[in-house]
């Protein structure tokens, strides 16, 4: 049961997905929400769930037909090899770009809050190397790591949120129900892009012990994540105010800075809270590296999964160093998420699913 | 490459890393920890210079001597040294000050920002200050922000018999939970930013030096649209605190049948509601105070505090509270600045109604808006004697 | 098996030994040949006593005895063996009449010792002699006798030196393998407790016993243990530490992947959890596999005292073990990179105490760390009686002088001594050693990247621990496989649940053998065959648990 079979359990999938969704995007979330619908931004994640569920049905619906197979194996069965090849590599490139930009955002944040004079390259590279160290040990180690990290990430977060909750200014949220439905729709879609790591399921289902439970696991992760997002947005709004959430680049960090622990033995706990993000970005980046290297080794039909780990690092590093400044990273990040993010969440899995149904390839038809 | 060779290279890389690294490594004792920062307007700057050369800010940095501060012997003479810098911007002043100090400065433990009167009066400079403090995360949003009459720099330079460092004084003053909240409302940088964003009205607690040459924190500076509107005295501040429901540990003294009776408010809550009975909207502020009778002495043998008498005392106290709060409301209406946040409260509770008032709230709306006070006093305890 | 190893050991081959150092001469029917062989094999071995004795008055019958002087109990050999048969009248006649071989006759009729056996291998005879038994060669017989009468000098069963308890048994393993198996056997009187013996080391022929409870241990684990034990050939082993390093999963890891203990109660409880114990002769430390990080935090005493205090102690151990490797790094990170996190009064007092110090914080920390390591190392070498004094004086004098001389700040002394004390609060010494080592990783990364570096170090360690396995059990179990075994393994982790709640064995045990405690009430009526109390599956275990819990 615990042997090196490269399979992960259902609960590990849930935890992996939650941690991957809990990335830098969360730090920007209140800003996005405040910009689009203002004070009532906290309803967005709930509505975004509708989109999320659609993504899950698309992706897991597709993978359900191919038990124990990843995108690399099943795509060639559905579409001609050439197109399959393009899809697979597009996915890999997309993963590299998102992970790279995510990493850059993260490095900028670290640089701002913790290490103003340290070169970005050092922050980036050190993170990449540590991620690579984990990835080298395979998906099982990654999943186990996630199970441990989740405590390191959420326990401090919950404590800080509790502190804020008791001293918060709840009147910030009033008046209620003052919002345009159209804005909510647009906002919900944007927020739903924060569920982007669901697309990892295209690969992850193939590595599950019980792939038949993939849909449930993903949905559970999705619901938990949207609840977390609601809490984060709410707490940010009541903590620093809606207007300030709009203005600040990283409202959540500002929130952490505003929180005051009386009698605590740390001051300026925003630095302490960086722990959460260092850990969750680590999970995101290592998943990115892992899946790209998995795609690589599966396409080349190598037995060892970690052959491509080291070559990916310079690639990621290059992507991360590409934008010239923070404003540009932000722009790239938002644009990339907006225009490219959705492709592997809905359209591509859906098209593949339809073709699968028509051609009746793969197993399991209800 | 064989495994062993790879392993040999790793420590080398690590060593190089260690030797060239440490970009942000500064020893704690090689930093000047700025505990308080006084920001003033430089009244003598040359307005004919180009804007980036105008040294409009005058900042006073207070550099404490750590050894002296913790009661040890030190090379320096004074426990603090104040350095005043005139600069075009706050960031530029840091560059300037580091030419005058032995170590670099850090704002990691800045406890108090003290703003002088002149800068509060200058909308552009004051807004610039707040923006800078928001943009640069060096100064924590939990820093206390205070206003003072005259020049802030003078206040921080002066001696204070209790604690020479105003920053420490302020930190200890506001961190003490036992202290009654009655004459000044402590403001964090973060809360000021929030209030300015929400209503563009805020108050800053006032720190002054009194006749005995000690520091005193009472009253406040009323800011509207990043500009000083006026000074609020301690009674008005208390009225504001009553309306915000933040009063704690405050004694109320009333004349009860010719004798002094002191009632101490332990806790206070307020609730603002709006109704339009009789076609006219008005605000109704319910204030509920819980407290004890802490001092009462009478020569009248029959005047023991029976329950009927307590009822009488209650009414007296309620009248007293009402008067105090009405004083604050009167001041705010005279100044025509809604620092009691009645408008914000209305927007939050009756957003549709607010649309009617929104346009003229600043001019006439607030001035003519009726506000009713409904105080309730709960006497929990009369002390050990009846 | 690595090639070099084979090559070196081939040199063992000579006229009498094969390449595995086994004696390849056969026992001969002619006593004279045997005597000649023995004389040759034990040439220049002055500690070996060899003697030929005539037995029987009428018809002398020769036997030849060999033993190592000082390793045997001569009483047994002389009174109960030799004394009984030396005067026997006609052995030859008896043999003919009874139709048995002389060795069988001696064994079955004359010898007054129980532990005597027949063998036909010269190798076994010689090995027996070297192990402290007596070998008897008999004239006209192809078989020899081995009388088990080992009695070498030993220090008896003493008290544990490293794993002391206030409450609980105070016996500890000793260097004699037989005593050690006895100590365990006395705790588990179950026929299913099996002891497999093997010898390890081509020259040392050290006895190694593998103990397990047959129906609880997972067969694949036992197989894996045997496979790994047979993976290498080594010339000699002197301690269980050799076995530990030869069977572990990852040689790169600083973390111990097997648990070495000197407490028989710990081993016994581990065996009943489905683990396997490896006992090595001449070593008072018994190895238990597989192990998890959590197992190192479980001291025997945890189970003998009240659960509240022991749960508190557990949590304390986890916290201090974190401090044991993290504190110096954290100090560097906070002081030099993120002073904003320190409370103001604290920051002021540290800054004041550091003013005028020559070295940077990192250098200070390293100096003090290394000095402390020096004290530790020297402390072992300094003769016992003055050891404490030297340690104390050295520590205090050097520490005080260094502070007075402004070489290091007083805070560093506090940090380092506190760290050192923390590291000794962990019940397992080898884990402490691992923490001592990774402390430097934390210091190095914190010195370069501050708190971020510290977090990276945390990630490296966590990633390492996550990928580590001990005999296919994840090292961080049960923390990272919580849902396994219905969350039951968590009852013995950070909190030590009350004993009656610890109803199930952890994941090491077979799945159908997970119940270890249940209510007796309803079982009294049932006719339960002996020994099956643990063999039945646990259908009503949940119900029992609930009932008891209320």
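Note that the chains take the letters A, B and C in the order they are written out, and that residue 1 is the start of every chain.
Here is the rule we use: contacts are C-beta pairs under 8 Å (C-beta built on N, C-alpha and C of every residue); 3 or more make two chains touch, one makes a residue touch a chain.
Listed by chain with UniProt protein names: C = Spore germination protein.
Predicted, not measured: the structure shown is a model, and the values here were computed from it.
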* If we define chain centres by averaging CA atoms, which chain lands farthest from chain B? Would you check? => C
* Asked: Taking each chain's centre as the average of its Cα atoms, which is closest to the average over all protein Cα atoms shown?
  -> A
* Structure fact -> Distance in whole angstrom between the CA centres of chain A and chain C (Spore germination protein) is 46
* To do: Between chain B and chain C (Spore germination protein), tell me the centre distance in angstrom, where each centre is the average of that chain's C-alpha atoms.
  => 65
* Structure fact -> Cα centroid separation, chain A vs chain B, in Å, comes to 40
* To do: Spell out, as numbers or ranges, the residues of chain B touching 2 or more other chains.
  => 21, 24, 108-109, 140
* What residues in chain C (Spore germination protein) touch two or more of the other chains? -> 337, 340, 344, 449-450
* Structure fact -> Multi-chain touching residues of chain A, meaning two or more other chains, are 114-115, 118, 122, 267-268
* Provide the residue numbers of chain B that touch chain C (Spore germination protein) in the complex, in ascending order. => 14, 17-18, 21-22, 24-29, 31, 33, 35, 64, 66-67, 69-70, 72, 74, 106, 108-109, 111, 140, 168, 171
* To do: Note which residues of chain C (Spore germination protein) are touching chain A in the complex, please.
  => 337-338, 340-344, 346, 449-453, 455-456, 458-460, 462-467, 469, 472-474, 476-477, 479-484, 507
* Using the touch rule from the top, collect the residues of chain C (Spore germination protein) that touch chain B in their complex. => 335-337, 339-340, 344, 347-355, 357, 360-362, 444, 447-450
* Touching residues on chain A, where the partner in the complex is chain B -> 112-119, 122, 169, 171-172, 174-175, 178, 240-241, 243-244, 247-248, 253-254, 257-258, 260, 262, 267-268
* Asked: If you look only at chain B, which of its residues touch chain A in the complex?
  -> 21, 23-24, 108-109, 134, 137, 140-142, 175, 177, 188, 190, 193-194, 197-198, 344-345, 347-351
